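There are two complexes below, and they share subunit A, which is joined by subunit B in the first and by subunit C in the second.
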Partner chain A sequence: MDKSMTSMVVRVGDGLTSVIDIRGDVTAASEPALMAAYEEASRQGARRLVLNFSDLKYMNSGGIGMLVTLLVRANRQHQPLAAYGLSDHYREIFELTRLDEAIGIYDDEPSALAG
Partner chain B sequence: MRENPASEGRPTAQAGRAPLPRNAANWATKVDRLTADSGGGLNVAGRRLTGPVQGFGKMWRKTYWIELSPEISPRAVIATWKGHFGEFWPKASRFKGPLTGLSPGDVALLDVSVGGGVRLSTGVFVLYADEESFTLMTPQGHMFAGWITFSAERSGAVTVVRTQVLMRANDPLYELAMACGGHRKEDQFWTQTMTALAQRLGAAPGVVHRRTVCVDRRRQWGNAGQVWHNSMVRTMMHSITSALARKRQPAPGPR
Partner chain C sequence: MNPVACSAPRRLASFALASVPGSERVALAQVADSVADLNLPPRRLDKLKTAVAEATMNAIEHGNDNRPDLAVDIEVFYSGTEIIVTVTDHGGREGSGWADRGDDTEIPDLDRKLSGDQGPRGWGLFLIRHMVDGMEVTAEGEHRTVRLTIRTPVPGG
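Presenting the complex of A and B:
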């Protein structure tokens, strides 16, 4: 498998919500970067997390599995997880894997922040 | 057996929309429920797919891996594995997939020995497949809700072949079964499978390593009702009713 080329940038979205901008490839190899981003968001006091997939280039099944791990960690801390910027293709993958039942999917950042 | 011909006829880009990613053809297309066309196996038609989010029990990530000679390429490993998947299973279990190998959207039927003479008939769905990995997803009634990813990659001087299971037991009965030997049986299952694969690839006998992590200790009691779909119970009931029906049939008279 290709080594993942991922960049995760954490920024404050709206009040107690943090946005994680995900750029590049999301595979199992992206786990350290995503977990570091999650910890940074939590340190900033995030009560809610929004994943921005607008610049996602590629995601495989390992990447989907990693999102489940993130979801469990966030649930443990009572931090709801939302996402936006998914292409039609990846929105369909979220529905197929039924991740959309646990991660709120939105069209854009304002609606994701409004939650 | 193909639930959806994953990418056959799929456009390379959708007008006015984001271009499809380079691995779009490696994903199955969306299905709401498995259909009777999926091979007609017991406990498959009409079932929804279930991921680790939907299961009942504790969430586990189990990784099994074996190191092979670097002369065996990751692509050769996955091509052999996808093409002959069921041939590496322990003898007491049967896997009925497409003769041409596993592709995204395929549904394969399973008939697995779970010990004590009890069998489990269910299926799996091929969620993702590329040249170096493939992932199976389970339907309602399967022993667990989750994904199993098979992969191979070059790591230093070896080719590492990996099976990773991300799962929750699907209902309270299965959770109990997993705690009472089910996990051990699953460990044996994948160890035997990966050993058989390595032998087929001509590798020297090696050790299958294992790492088990409990990702989430909580049980999802809201999903306890999934016991209704339990394929083990349904397989047993089907066996009993079939035997009774055979017994009731009048014996053929003398000609």
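Presenting the complex of A and C:
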């Protein structure tokens, strides 16, 4: 029931920035898909990553843990993370967990790419 | 005293779910359906849904050790001023120790997680506590119950 409810699509955003379009659920079960997307973006030479949450349906504590894992990996490679498309609810959760201090939060894609 | 606030809580829903991944999604949907007529503001409803999903996940993973044969029992009540959701598992049985194990008993700290001092997970109880107005855990025999309360707008207020 918890599988195959996530899709991650990597695309070139702007220069050396890659955008990962996250569709569906972000839970612990999404980790293989997100890490594969991260690796693909890195192979493409991404120096910076933007996570697009516009089509996020559901995120739980396991998903937050997975984002922490992604942050650790990206920090090691000196790849800053940004995000946009979060609903007010998930934006609040990013503030509570202080993920917003480690991941730049923007209102839309142009702002995130310019960030 | 407000007579509405003093009335006995009315049960809105009662259901049981198997301890399998994904049941938390069913729980949040059924709880949301059961309170649909109470005009909870959307932001409050989102918080209730997140708290219910996290409490159900804890029940499945830590209380029932992911055993599909052990049910998670969920009840929803409305008192006139509060929605009360109880999530009951088998975490009080011998060999289980829901409250005494796992990263969830440690206050999560992002800096420590990023430096490797803490594991990346362990946000569940933290989220629940910040989503609802009250959370308490009680145990009776082998059953352990998490009781979540969230205040509702005063009728006509």
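Quick notes
Heads up, the rule we're going with is that the second predicted complex is superposed on the first by the 111 of 115 C-alpha atoms of A that agree within 3 Å, B and C clash if a C-alpha of one lies under 4 Å from a C-alpha of the other, contacts with A are read in each partner's own complex, and residues count from 1 in each chain.
Please note the rule applied: contacts are C-beta pairs under 8 Å (C-beta built on N, C-alpha and C of every residue); 3 or more make two chains touch, one makes a residue touch a chain.
The shown structure was predicted, so the numbers you read here are calculated from the model rather than taken from an experiment.
Under the clash rule set out above, the superposition-derived model of subunit A with subunit B and subunit C contains a clash between the two partners. By the document's definition of touching, neither partner reaches A:44: not subunit B, not subunit C. Of the two partner chains placed around the shared chain by superposition, neither subunit B nor subunit C is touched by A:7. When both complexes are overlaid on chain A, the residue A:111 reaches neither subunit B nor subunit C. Shared-chain residue A:62: touches subunit B and subunit C both. When both complexes are overlaid on chain A, the residue A:97 reaches subunit B and subunit C alike. Once the two complexes are laid over each other on the shared chain, residue contacts for A:89 go to subunit B and to subunit C alike. Of the two partner chains placed by the overlay, subunit B and subunit C both lie in contact with A:71. Note on the chain A alignment: of 41-49, 131-139, 221-229 or 239-247, the part of subunit B that runs into subunit C is 131-139. The residues of subunit A shared by its contacts with subunit B and with subunit C are 1, 58, 60-62, 64-65, 68-69, 71-72, 75, 87-89, 93, 96-99, 101-102. On subunit B, the positions that touch subunit A within their shared complex are 14, 17-18, 20-24, 26-31, 49-54, 59, 61, 74, 127-128, 130, 132-133, 135, 137, 147, 149, 151, 153, 164, 166, 215-216. The touching residues of subunit C, when paired with subunit A in their complex, are 20-25, 43, 46-47, 50, 53-54, 57, 108, 110, 113-114, 116, 119-124, 126-127, 130.
Residues of subunit A that touch subunit C in their complex: 1-2, 28-29, 58, 60-62, 64-66, 68-69, 71-72, 75, 87-89, 93, 96-99, 101-102.
Subunit A meets subunit B in the complex at residues 1, 56-62, 64-65, 68-69, 71-72, 75-76, 87-90, 92-93, 95-99, 101-102.
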